[in-house]
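Letters A, B and C mark the chains as written, and numbering starts fresh at 1 in each.
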Amino acid sequence: MNKNSSNIMALAPNTPNKRETVCIFGTGDFGRALGHQMIQSGYPVVYGSRSTQISNLIPKDAEVLSHAEAAQKAAIIIIAIQRQHYNFLTPLAEILRGKVLVDISNNLKLNQYPESNAEYLAQLLPGSRVVKAFNTVSAWALQSGTLDASRQVFVCGDDVEAKQMVMNIVRALGLTPLDKGTLLAAQEIENFPLQLFPMWKFPIFLSLGLTTFFFLYCLALDVIYTYIYEKNNFSFFIAITIPNRVCPVMALILLALVYLPGIFAAIIQLYRGTKYRRFPDWLDKWMLCRKQLGLIALAFASLHVVFTLVAPLRAFVRWRIGKGIVSQALNNKTEPLDSTTAWISDSYLALGILGFFLFVLLGITSLPSVSNNVNWREFRFVQSKLGYLSLILCTAHTLVYGGKWFLSPSAYRWYLPNIYMLSLVVPCAVLVVKFVLIFPCVDKPLTQIRQGWERNPKYS
Amino acid sequence: MNKNSSNIMALAPNTPNKRETVCIFGTGDFGRALGHQMIQSGYPVVYGSRSTQISNLIPKDAEVLSHAEAAQKAAIIIIAIQRQHYNFLTPLAEILRGKVLVDISNNLKLNQYPESNAEYLAQLLPGSRVVKAFNTVSAWALQSGTLDASRQVFVCGDDVEAKQMVMNIVRALGLTPLDKGTLLAAQEIENFPLQLFPMWKFPIFLSLGLTTFFFLYCLALDVIYTYIYEKNNFSFFIAITIPNRVCPVMALILLALVYLPGIFAAIIQLYRGTKYRRFPDWLDKWMLCRKQLGLIALAFASLHVVFTLVAPLRAFVRWRIGKGIVSQALNNKTEPLDSTTAWISDSYLALGILGFFLFVLLGITSLPSVSNNVNWREFRFVQSKLGYLSLILCTAHTLVYGGKWFLSPSAYRWYLPNIYMLSLVVPCAVLVVKFVLIFPCVDKPLTQIRQGWERNPKYS
Amino acid sequence: MNKNSSNIMALAPNTPNKRETVCIFGTGDFGRALGHQMIQSGYPVVYGSRSTQISNLIPKDAEVLSHAEAAQKAAIIIIAIQRQHYNFLTPLAEILRGKVLVDISNNLKLNQYPESNAEYLAQLLPGSRVVKAFNTVSAWALQSGTLDASRQVFVCGDDVEAKQMVMNIVRALGLTPLDKGTLLAAQEIENFPLQLFPMWKFPIFLSLGLTTFFFLYCLALDVIYTYIYEKNNFSFFIAITIPNRVCPVMALILLALVYLPGIFAAIIQLYRGTKYRRFPDWLDKWMLCRKQLGLIALAFASLHVVFTLVAPLRAFVRWRIGKGIVSQALNNKTEPLDSTTAWISDSYLALGILGFFLFVLLGITSLPSVSNNVNWREFRFVQSKLGYLSLILCTAHTLVYGGKWFLSPSAYRWYLPNIYMLSLVVPCAVLVVKFVLIFPCVDKPLTQIRQGWERNPKYS
């Protein structure tokens, strides 16, 4: 934390303007956008450029000088040029000694270079204090002032004081700096804006694939079969009836897939007798996307709830109910209430409601701001205990709903089972194995293994 | 970062109490509340007051001394007096030299003085290290200990070490300090507690105005017209039927108004051939309240969903359905299922459900803790792609719902269109213009302009 | 902030590896898990152990040395041993002088020792710089890399630079450090992971108790009474009908209990004429769990909404509606629409929807990330104004729903009132007293008291 005079000036200004001058190398789009915004926040801005003739693109109140002259005017220099041109900075090394250089560059693809741009800059100019910042902010967002998106700016650097100076600028622009540590974090920070939901890709493709399969399966059994053998045109089932069969099936299967890798992990650990060997790669990846699988399952469950609740508004349902009542009236009789039917109807609805309620609770606790407020013990309680309870309730909901049709031959059109039967395979398997795993004779060695015990400690 | 002896004592205490003594100037309500709380957190507190006789209002364990004596006992002095009386501190300048002065004052209205209170204090006592803090905390909340509200305390100041000392006190009181940078941020921090949803004012007034208009419009067409011409008393429509017409209309219009300013901005940029000129003021303001407009639209959409789902529970709906069935039974016939009606009914429900589902997703990603976890690219994807998809689905939902009535004269009571027709104007306009804007011949120059290209670079 | 050579080396490394060596004392489960993770993040790790023969359990790339040798190799030493064995460190005091010691220990129960483990360590080794960290992270979570839970690591310590060094390691492991201030915070940090929803215990037990009571009450009146006196087997009411009576009752009572302590507090303050005396203990505790009570009330209200909306899907409801229509058809008449019934039905539904809507808004603003973005004035506006409005709407919803039965003798089976009558007692009491409290003659002295005025300032 050596202090040169320029920094002290920067930290304790006594000019009327009170903000320290900032130098920007490069007059490209982002350099101009950042300059605009800094001038509006009260910073004197000086551009370092090859051609010092003032272009109209550059903010009016900014000065434009040669690189060397501009650098001498400020303690902080923002390097708004591309990595390929960084080596032109080496002749300026003496002038840039002790200055804070802010690397704002981004790459075009993940891990494009062996080292991050900021570390490369620090190697080129070992006398300067390099700070990585601003690369996660979009020029368009800065310019238009419509920062609805994240206001977080990741900052990293080896020099604590230099980082503080940059973080003060970030705050002055109305953004929130987030200290990510030393310059080693620059690689991660440079990769961040290039991602498009990386953790969501596998769960989403899996869901799309399964959804398509189940949709076509239902289309065949419910629309095409009916049309061929019963001459009924139920093509409008495509809009609500079939989605409302596919959604609960997807929700149940995905929810079971959230808990399946934990089962596999337990079995592998029991078999190996140690927790100190890595899981197979596929299992590692699967475990890392459990949260995403669970949230997609919740989305399907929510759609199922709404699709179910609109049923009484559907013309088809009203017609069917009306037909039933009219036929009772025409037959001059009132059907008595069947207590068993009432029990089945009410209990599968109640099981579904409670299962969905717990599922929504799980979803709320996975919101970042909520999960940050619970400790590990509380998180485990919610995600494991309540999660399994939700899985049990949802499986029971499906079993009670479809129970009576399991043995009925009419449920097997083209000798194929209805999809809710398919949906029960994974959840039932998970629940049965989990039930075995909580027996004391299995649970005790597993707990010991997870606490670090090894069956064959001499394992090389 | 010069260190005087008192600070070193403060940072490395070896007294049994271990907390450094804090001095509070002023025995007003907030000074007393803060003192109470600090004593409970283990800080020795000494009050500086004009009259040193111990008042009963002051916490029992606190000492009361003259200002000069009290200041000498502590490294941190909390200035719990009003800005108008700050100048009485100037005679104490020598005693306060090097001390950390914490300005906790608030003003009565926004931007009451040219400079912030904290900056004014720093000007009066240039030898002291002024830190702004605690002004966002309410005395009542501190006293009653019921801090359900935000626990964040904004802290700013030019001296990093002084800021650290104050932030340690903030943490000890169970609050969360948030470093807002140098003392220049004090103005913003002082304005913060005076605001009452400033970004929400325009969207809420706009919504209230439009809601009132549409409510009266529906009241005239649905209740008054029916009463005059059909002698039916449908006044109970005020409770559910009319709200359930107004809510979807408001949701659709407000959602379209979220995307309209982006359309205007694109047209203006295409016309001007540059992005380096400010948008008109009204457009800037509009763009800044898009998130609020979207959330209000989501609120209306949610109300529409619930109002629609309760329909089968309404006495009126049950009576109407019962009447239809009874008349079928009395006419001794069963109406066959009309496949077209079933298609229309199911598809507008399905479109509405999917549109609402995407809308809720948009709402969830606008939660601060979620949007902080996505990068700019992901945010743009969700808010722009999914947002437009949601707008398309909701517009299609309305079109399918009302399609058959567009050409029916009975839909034009008093020659006025039904409100769902009115609600389609803005969304359809937005979608049509957006459709034009994504044509390559329009999209290409627009993208270039947004990347910094200019059609007339010599524009002065 | 004195700098010894090892730290400067640590902050500005020029080795190819670039991460400073970290020493871990203790080869227990957590020490091994942390070592594994640090090696993966690029830190050279050296273990200090009594037996220096390399065990297979220890990560392959780590060195194992005696405590003294290991300590000399690193500037940061992680103390992964239990508090009972801390005193074996005293002979190493000279070697550990100036080093950063990271206390990661946890206790088995809350406040097990008079001082925190970290403070005890700092007392034993006054020359070392003790930092508390990592105790909130689970070894299992570190090992399996599935950190879906909170990534926050609380860090505290008296030495700012030592804290920075530890926070850099935390960040390098992909976790988020949270500075909790000086070592005095260690007690709180050590207690944190031992808690299991401490604030939720009382509200949950209260809810369970009340729910059980109301469930049995309903069971007696709706199922057993009907079975005895009307010979109807309505046992299936247990699944939906009774839960849907208990849920709204619980929601309304708990919502009223959120606002009741505020009423008590106001009355106590008015009676005492001062705010400077502590409330009774029970009231303090009650006020602190208002948020939890409110969220449980919201959960009951949400269940009530879903239970109500599924009504048209229930076999029992369909049978009852069908029976009514068939009897109309058999009697050859169509019942006319009763406008009063339509009004009552629609208005209690509308009141319920609006009350629930405001209730959900309250719930959303209590999400940590949302409440951190509103100031005290806005929070008070939402929680107090909107909260009372929600309570008024929900109470009115219940009154309109049940109004006509209050005077009907058939509503009093076994001379007991229906539970919705019981549910109205607390909310009506709260609303009546609140109505009195906002009269100017009561509100004015109360406001004065809350601003610090005292009726009897000489009170000793």
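Going forward, a contact is a pair of C-beta atoms (placed from the backbone, for glycine too) under 8 Å apart; a residue touches a chain by one contact, two chains touch by 3 or more.
What you see is a predicted model, and the numbers here were worked out from it, not measured in a lab.
> Answer with same or different: of all residue numbers used at the interface between chain B and chain C, are over half used by both copies?
different
> Superimpose the Cα trace of chain A on the Cα trace of chain C, which carries the same sequence, then give the rotation angle to the nearest 5°.
Between chain A and chain C the superposing rotation measures out at 120 degrees.
> When the centre of a chain is set as the mean of its C-alpha atoms, what distance in Å lies between chain B and chain C?
Once rounded, the distance between the two centres reads 23 Å.
> Scan chain B for residues touching two or more other chains and write them down.
309, 312, 325-326, 329, 367-370, 372
> Can you list the chain B residues touching chain A in their complex?
158, 160, 179-182, 184-185, 265, 275-276, 279, 284, 287-288, 290-291, 305, 308-309, 311-312, 321, 324-326, 328-329, 332, 334-335, 337-339, 341-347, 349-350, 353, 356-357, 361, 366-381, 383, 450-452, 454, 457-460
> Once bound in the complex, which stretches of chain A touch chain B?
Its residues touching chain B are 11-12, 18-19, 28-29, 32, 42, 55-57, 136-141, 143-146, 148-152, 164, 167-168, 171-172, 192-197, 233, 235-236, 239-241, 243, 299, 302-303, 306-307, 309-310, 312-316, 318-319, 322-323, 325-327, 329-330, 367-370, 372.
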